[in-house]
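Each of the next two complexes has subunit A plus one other chain: subunit B in the first, subunit C in the second.
Right after this comes the complex of A and B.
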């Protein structure tokens, strides 16, 4: 099975640390990338792959179109993160690179489990597997105070949210006696009075608190900017993509598989959370000068846009969410890859460090520009079509339900887009039109870095211009969720 | 492949090609841009000539399915409404590429953006799919902001960039919500405009949905077109923009919102269009009268042109609001004519700015002596702006007034006054102060457009204005049948149709005949102006 091979790969990497000489550790990463590539291909087809749909372990573990979509997303993201880590390896502590790789792989295993979890136990275990490896990944630059500080912050808030979540799961189990998502929804359908009991609703709410922490939605977003800024850049990328996507797949499963009857009543709550998350992220990003911190706030805003798809409470909303997420992977990867390469020699990630980038490396300058433009949602890039689908889903629900809150949500999302133009274009301006660039030495790109940047660029354009294939996949996944 | 795909595709392809050209090959970069827009313009002329007026349905159609599950397809085609706009857009783009010699820094990026803008806007006009219609417009809009922000001039550059970005993004996004709501509400489950219209004939949209969507489109598109009171971005933005950008935006891109109203909002939201018509009519008084007055007070030539361009939008809105054949035909006619005119005036003011470094009217004077060609062209542009017969604008404004009279006599009177008196005052005053009078000593070294290439863009735009001024039939015979279809759709579903409008239907043909017969004497009535212009042109060409 895919998950077992991934854990095996992590263990092999850990062992490889003992045998491979220090100066060749970089290649351990490339070996891991090749192995993951093989896993990605085999996961698509063949016997026992996750292309085979069904459930396992008494319904705890499910393979469907949704889990398949997310598993492929996670593996692609991790491959790109490993490329980035290989570029970043010289900034990590001496001799610990292979450890870093294996931690990433373990987090990947957690995400793969999350994609397939169909039970609250599974949900908790996979989330803990992800979060605990991230505690280490965030504070991996042991000599850097900021990284340690970020790690401590993440640890404290993460532990708090985990405890909320356990408490919530306990309440759900206490009131219903069910942990499996499918059984729970059957139980609720048969006992509608439980679905309205205060204790049960509190339990669901507390689980949502835990998941809200993972996706950095308001009001659990406080950690994101600090941790994004302090963490090593590959960790930031992984956090922004993997951890967030894992949070979203679990959120979708809980809301639409486990407690659909409750979700239907919480439309207004979801609308408000989504709207505030969008506005908070975008408004707070305006004054930021640190690029990673800016991306931290921007990721909060992006979580808000993704929540539009959840709030729409429809298959087209879920499909739009998945679509947006796929575009988001490549966009954020591209942006943080450039940050990794450009800021490698600099002490901080101030926006001023981008000055003269178009002369130092036109490819990197163009990549960061395209990533920013895509995040802002301008055609013909991935972000535009994703936002278009999300807006369409929201307005569709508005017309179907007659809930005027959805129209307001659509307008707030648009206001967010307009606000975001300001700071995204600020980054672009820093690249091309800074006053006096201090350093004009060209930036050397290794060929793996060049390759992965091109992969990101092709992904951004492909998803933006040829939406057909991906949209069919996300539609299938959304159908699987609503089965 | 439809010829339309080539018209919009060549500039985009050239933009891609420019990415790989090294930045020091300036001549090659420029040649590629000019060549690509030239090919587009030639193809557009060819398409315009091959267009069969009054043929049923769309011509030069092409459809490629894009996203089946949403019903999005790449669908282009022309009918009488957009054939003239595409021709105008392609010619203006060519002129703008020629005028871009004034850009001296970062030329490569500038030409790439210019070509993307050209391809986007031509594609948007050709597009018959709601999604691509919006998508390509947005593709053209973003380069505008960057071009103003980077190559703009003057101290207010950053403020103007900020303002125009904010206004136009808001406008575009409001329109986007309207378009999505329209798509969902129509129930046709396709973004294909002809199919939605076909579907709406049998299943018209509910009136309350119409009344919700129409204002979204009206104000969304209205912001893009600088409808009063959302116009304040326009004069300043154009004042700061480099002239090729101002030419393309004021001339072509701005017409997108108007075209969207006519193509999409009127046929699909007929009842709402009728109930909102008087609102549009009163708002356009703001454009014509208020902005006209503002224009009178301007001391800077570009601000004056910018305000006058906003004022001209009022006539187009008035034509749309009149909701009858003559009014809508006139609106489309002005859209084409104003495209040439706005491009011409911004090109000329750009030339003067490049030469003198200022556009303050008080500092200029007597320029006609040093710049006979540019001066004459500016004079003719000003005359066209006042709506003098012989230029294409006259026909547009005249038909709009004929059309609007039946619906809004009071407003038409105000608008006429605004067009003839106010427009006349600020235009002639500017001409007097800039071109005539004593020549300040500091301008002794000015040089006129020196060779054919430099003169070509101005001459081309002037000739286009004159051609459609003398033979407006070229356009009206194409616009008429399709405007008729739109108007029929609005009226057939109108429950609140005013009696005056119903009477207007049989009258339309006779009034058009009047207008057409008035053409001959009007053209003869002003031989002086025209021949002066021609003589001047002839002298310059020696």
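Right after this comes the complex of A and C.
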């Protein structure tokens, strides 16, 4: 089974730490990448347990098209993160690289469980597995004060949100006696009066608080910029992609599998949250000079766009969400990879550090430009088609339900795109049109770094130009959700 | 059809060359130029192979039933995009008309590429030049091979862009930059009409494919009225606007003479042999859309352009401008005869014109190089001795242009005159004859001033012959300018246009040679005025040191010299009005849109961004409070009501 192999891999990496000499540690990472690559191919080819859809452990664990989509997404993301970590390894504390790798792998295991969880217990356990590993990953640059500070902030706010979530789960169990998602929705269908009881709704809301924290949606976004900025860059990338995607898969499962009858009444709530998240992220990003902090705000805005797909309350919306997420993986990885490589030698991640990048390394300059353009949503890149699908889903819902809030949401999403152009292109301007580039020495790229950058670029273009393959997969996954 | 892959290769090889040159070999002049030359020559060879395998397929025998079940034997296409009920194929039309044009574009174009290798030898951005040249070849082939209006329009615009790039190639000269802008903007004016015409036809017929449109047009005529009449005329004239721009017809003719600021091979390729021919080609391709009324208007516009340009050419002193006005005049001829329902003579003249006008331009280029970039003909003289090869090739080109038998121009010009008589359009016949005389006159004025008499400057005394890489293409073109009239060109187009409706037997070689005798009136008058023109030029300019004509013609000569003041007229009216509108728009944009509206929005956004940032204090206690407040807010929102 996928999860067991991943945990095994994490343990092996920890052990390898003991036997492999320090200067060969980088290769431990490459070995892990190869192992994950094998797992990815296995899961793609439908061999092993991944191809068999169904539930296990008394319904706690589910394997369907949705979980498979997310598992593959997570594995791809982790492979790229590991590549990045290998490049970043010299900035981590002495001799601790293998630990870093194995923590990433453990977080991956948590995400894989999250993708398959079909029960509130499972949900909580997998989320804690992810979050606790992240506490360590965020504060991994032990010698750097910012990193430690970010770790503490994440820890305290994370603990707070977890406590809300546990409380919520307890309330749900108390009012219904069910923890399994499928059973819960049956129960609600048979006892509609419970679905409107204040206590039960409070429970669901508190669970949403916990998930909202994971995806950094308004009003639980406050931690994101500080933590994104302070964490080691590979961790930032992993937070932006892995942690967020895990939050979204759980959110989808809770909203559309466990309590669909409640969700149907919450259209306005979701619209408001989505709209404010988009505006907040984009507006705050405008005055930022620190590139990682800017990407932190940008990731809040992107969470808002992803929430469009939730708010649409339709299969096409969910499918668009998954599609957007897939494009987002490559885009964010590409952007942060460049940040890692360029900012390795610099004390801060100020945008000014990008000056003259087009002369220092044309490939990196082009990659960052393409990533920014894709995040802004300009054709023919991945970000454009994803946003297009999301807006299309929202408009369709607006036409189907006659709820004018959706039109407003679409309008705000578009306004957000325009605002975002301002700061994304500010980054591009810093690359190409800066006044006095201080340092014009070429940047050396190792061949794995080059490879992963090309993978990201191909991903961005492929998803944007040939949408059909991916769209088929996401449609299947969205269907699985509404079973 | 055999080898269906070949046309695609022919089309895309030049594009490949553009990509390779711009991405990889920009630093090496030699490699870049060889890639570009190789691409166009390979396209030419592939065209020859394709034609050898398939012959010139004609549309003869195609029966149109309805748009769905057409005989598409001479097309190859892939579906490109479907928007609503508009389905557009990316397809290639492969009939006698398009294949002959492909031969011209790649054949004559190939020779010009080779010539450019010598002509541009000392230019430091030769690689860029060849990249543009390949881009142009690709776009031109696209126009020629397109099987629908939309595709043709896209390539049409690409041709506009590449011509802009090539005219302005020496952009450090302000005049070149201005000329490029003028050409592009004037063309855009025409293209606007073209696009409107395409949309009108699409709205009426529901298709943009030529085959579908032809079926629609013929069904409309034979099965009862659909939306014929004035709508049809208007739409056809809009389409003609496109041709007016590209083929430089009155009143959009003003860009072509200025376009001579580009390098001479560009003038030969774009502004003589191919691009300006695109308009005529397009008219012939879509002739089925034009009704009698619109054709009538077109023929008069063509005739007027031809006359106007020929008059102006008489009093120009720049070697390239004379040939440019002559090109305008000849294009007017072609458009006129298209309007007289004669696509075959038009395309015939287009083909021979491509040979001899490219030859004249390239010879002029050779003269210019030999004269160290001197273009004023009154600084030249007696170059016959210094540049013997150029002298002979120029002479052949001049004889062909003047319509002296047995050179190519004689046959095609004669077919045009004959068509005028056949359509009983005696006014246009008279105009055409007069122009023929003028043509011979100004051509040999140029010839005598440049090649005979005394050297009129030091440069002329030290002129030298050009290298082989330039003279070889001249000689090859000279051969075709000499024999182009009777080697089967007429048959090719005839099978397309005449064979479509009637029984058509290709002419034998001898028949071609004596074809003009079928219309002896046209032939003898044509030869007569040409000889008269040459004789007049001989007597006036044989040993002239300056131009004796202004004294004799008085005010008329001044008008001719100043191009009948069209530039000044446009300057005073259109450009003035345009500048005024632009100033108003600029003011609105600057103060109302940008200052008030955008400024307010931008300022507001910026301010709110900065204000929100204040919440992000970095203080953990604040964060925790905000988080809990968020939870309370959420709970109140849902449960509090």
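Convention: the second predicted complex is superposed on the first by the 479 of 483 C-alpha atoms of A that agree within 3 Å, B and C clash if a C-alpha of one lies under 4 Å from a C-alpha of the other, contacts with A are read in each partner's own complex, and residues count from 1 in each chain.
Note that a residue touches a chain if its C-beta (ideal position, glycine included) is under 8 Å from a C-beta of that chain, and two chains touch if they have at least 3 such contacts.
Because the structure is predicted, anything quoted here is derived from the model rather than measured.
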Room on subunit A for both subunit B and subunit C (clash or fit): clash
First (subunit B), second (subunit C), both or neither touched by A:287: second
Touched partner set for A:314, first subunit B, second subunit C, both or neither: neither
Partner chain(s) touched by A:233 [first = subunit B, second = subunit C, both, neither]: neither
Contacts of A:396 with subunit B and subunit C, given as first, second, both or neither: first
Greater residue coverage of subunit A in the superposed arrangement, subunit B or subunit C: C
Which of subunit B and subunit C A:223 touches, first, second, both or neither: second
Partner chain(s) touched by A:452 [first = subunit B, second = subunit C, both, neither]: neither
First, second, both or neither for A:378, with subunit B first and subunit C second: first
Contact residues of subunit A, present in both the subunit B and the subunit C interface: none
Residues of subunit C that touch subunit A when the two form their complex: 605-606, 608-610, 612-613, 615-616, 618, 620, 623-624, 626-631, 633-635, 637-639
Subunit C-touching residues of subunit A, taken from the complex the two chains share: 152-153, 156-157, 160-161, 164, 198, 201-202, 205-206, 208-209, 213, 218-220, 222-223, 225-226, 266, 269, 272, 280, 283-287, 419, 422
Complex interface listing, subunit B residues touching subunit A: 66-70, 131, 135-136, 138-139, 142, 145, 149-150, 165-166, 169-170, 173-174, 176-177, 180-181, 183-185, 209
Parts of subunit A lying in touch with subunit B, wherever the complex brings them together: 373, 378-380, 384, 388, 391-392, 395-396, 399, 410-411, 414, 417-418, 421, 425, 429, 432-433, 467-468, 471-472, 475
